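Here come two complexes built around subunit A, the first alongside subunit B, the second alongside subunit C.
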Partner chain A sequence: MDVATLFDDVKRMNKRQFLYQVLSFGMIVSSALMIWKGLMVVTGSESPIVVVLSGSMEPAFHRGDLLFLTNYPEEPVRVGEIVVFKVDGRDIPIVHRVLKLHEKKNGTVKFLTKGDNNSVDDRGLYAPGQLWLTKSDVVGRARGFLPYVGMVTILMNEYPKFKYAVLACLGLYVLVHRE
Partner chain B sequence: MHSVIQRGNSILAYALSVLACLTFICFASTVFLNYVTDVKINTVKVVVKNVPDYSISREKNDLGFLTFDMQADLTPLFNWNVKQLFLYLTAEYETPSNELNQVVLWDKIILRGENAALDFKNMNTKYYFWDDGNGLKGNKNITLSLSWNIIPNSGLLPNIFARGSHSFKFPVEYTTSRM
Partner chain C sequence: MAPKEKDSKEKEEKVVKINKWDGSAVKNAIDDAVRDVSLIVNQCLRKKYNYVENFALMDGRLTICGIAVAVAMFALLWDYLYPFPQSRPVLIFCVASYFVMMGILTLYTNYKEKGIFAVCIQKDSSKKEIIWEASSFLAKYDDKYNLTLVLVDGKTKQRRETSSKKSVANFIDVNGSVVPEQVEAEVSRLHNSLLNERKTK
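Showing the complex of A and B:
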């Protein structure tokens, strides 16, 4: 299939058919969005799937591995769990393990984290003056693991041109291809 | 007529779906397994000091020191979907200011294929046993327990408590001498 025949298809379409293609493209985009938002509701986490971006949890998690998170408020944070948290002034959430935890009678909890592959705890990574994490910093708790799959998004983020090329190809294919 | 792109596409799609199917079988074959075994923990030497924790503030906090014995055979926990065990020894206790304190004192990564029959005598802790205040001196009930976080090739990431824990008490006097 070369480019000329691709556009022949478009030429042979009438207005209604072209509109149908655009609509089906919209369906794909919106169902992807619905799945993502639906996962957010089911898991209680603002980002239910994250890609591991650093080697600080090696050898458990490598760059490009995929983690599935939940963040149910009734499930308490406990030591040894892998939490994904955000720190003020850093865009990228961090995936590390809870090392110490202190919970008061009224339920307020503060905890300290550390990466398995790091030799010191995370106080140096937190915002200046921040000594502990609290529940509000947590994006989710790691519950499931799938290796390598996130490599695609790492590639896309590191090579934006590759991302646009892939998106353009997919979009063109859906718009132009006739069922 | 099948072009090179079509052939490549179908080979890739087939390979990916076989891989996804195998991954799911790998996950499903181990998801209901029981990963609990016995462990023997004992403390050898226990002292408590009252020294400033400069990583938090200049105020003096209780700092516990202990050495421990531990025997466990974790070889049966490994199967084809266990990439790594993350062992951690937790001290759990209650203080007047905090209802629940959990401090990880020691941890260890065991990869599949490494020796998983543990027999430690008079081990030092890996992390400092700082309390969040002065709740260690004379504390009558500190529970040491071993847990593990199973890192699979793909699947869930359960945290499991071993059967068998050890409770001990801290001395009622601070130790002032160097150790």
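Showing the complex of A and C:
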């Protein structure tokens, strides 16, 4: 199908059909968005699904694994659990295991993490001067994983042009095609 | 009638060539043709009989979609302004109402629209209103095009319907383009049979 016939469809539409086309495109986007926000509400984590970007947790997790997280405040953090946490000054959350943990009577905790495949703990990764993580740094705790699925995300992150090309093609297809 | 002539000329220029053993290509061509048929039925009701098209049905669907998208955009904005743990109650409300709207939309398209693609209103001099509804469906892997015309009396709410089940081959020529005259003839036949039925009663 060449470009001229592709746009023919659009030209034949009237005002209402065009509006519906735009709205149905909006609904595809909003459905994805609402499913994501729904997962956020159910799991209590601000990012319920993450992709493992480095090999620092091998052999438990490899690059490209998809992790499912939960973050219920009533569940305590324990040594040996795998947590996903954010550090000030870094955009990308880190997936590492809890190594040491101190719990106070009033319920506050501070803990130290380390990647299974790293030879030293994470103090060098934390913000300058930060020695411990607290509950507010935690994005979630790993509850399950799906291998290799996240490779697509890694590819898209490493080649942004590829990502924009895929997005543009999808967007154009949905906007131009009727029903 | 000028725009119609131009339309048919355009169609003559474009000869649709498909491999008839390629199932999906045939299906797409037929779907396109059916869409053209719908358009022509629509035009026929409006231009030939001078009926006024009523968009209430389509507007209803647009409203439902619009509300759903607005709710989603509101959730996005709220979550941006008040990051996650704070925005939880609002998010729960938005997610729930979004999926309810999706349910309503499905019910609306399946039980209210039911494939109706044209609604026209005929106004008599004696202030009597007659509503015409045209709907169609084409089953998968079938060449029988079902066209239904419904007449609803505006006052008594009586409805009568008539339908035709004909192969799409009746409306499409060898080149794969729709023949408006054939469609018009079919619509007129249904239209007149409904009107005659009314007179004999």
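The rule is simple: the second predicted complex is superposed on the first by the 179 of 179 C-alpha atoms of A that agree within 3 Å, B and C clash if a C-alpha of one lies under 4 Å from a C-alpha of the other, contacts with A are read in each partner's own complex, and residues count from 1 in each chain.
The criterion applied here is as follows: a residue touches a chain if its C-beta (ideal position, glycine included) is under 8 Å from a C-beta of that chain, and two chains touch if they have at least 3 such contacts.
Small disclaimer: the values here were computed from a predicted structure and weren't measured.
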Review point. For A:161, is the partner it touches subunit B (first), subunit C (second), both, or none of the two (neither)?
Key: neither
Check your understanding: A:16 contacts which: subunit B (first), subunit C (second), both, neither?
Key -> second
Review point. After lining up the shared chain so the two structures overlap, which partner does A:37 touch, if you call subunit B first and subunit C second: first, second, both or neither?
Key: second
Exercise for review: Could you look at A:46 and tell me whether it touches subunit B, subunit C, both or neither (first, second, both, neither)?
Suggested key: second
Exercise for review: State whether subunit B or subunit C is in contact with more residues of subunit A in the superposed arrangement.
Suggested key: B
Point to revise | Contacting residues of subunit B [partner subunit A, same complex] | key: 3, 5, 23, 55-56, 83-84, 86, 88, 90, 97-104, 107, 109, 111, 127, 130, 132, 147, 149, 151-157, 159
Revision key, fill the gap. Within their complex, subunit A touches subunit C through residues 5, 12, 16, 19-20, 23-24, 26-27, 29-31, 33-34, 37-38, 40-41, 46, 178
**Study point:** For the subunit C and subunit A complex, residues of the former touching the latter
**Key:** 14, 35, 39, 55, 58-59, 61-62, 65-66, 68-69, 71-73, 75-76, 79, 83-85, 88, 91-92, 94-95, 98-99, 102
Study note, to complete from the structure: Listed in rising order, the residues of subunit A that touch subunit B in the complex are 1, 59-61, 78-82, 97, 99-105, 110, 116, 123, 131, 142-147
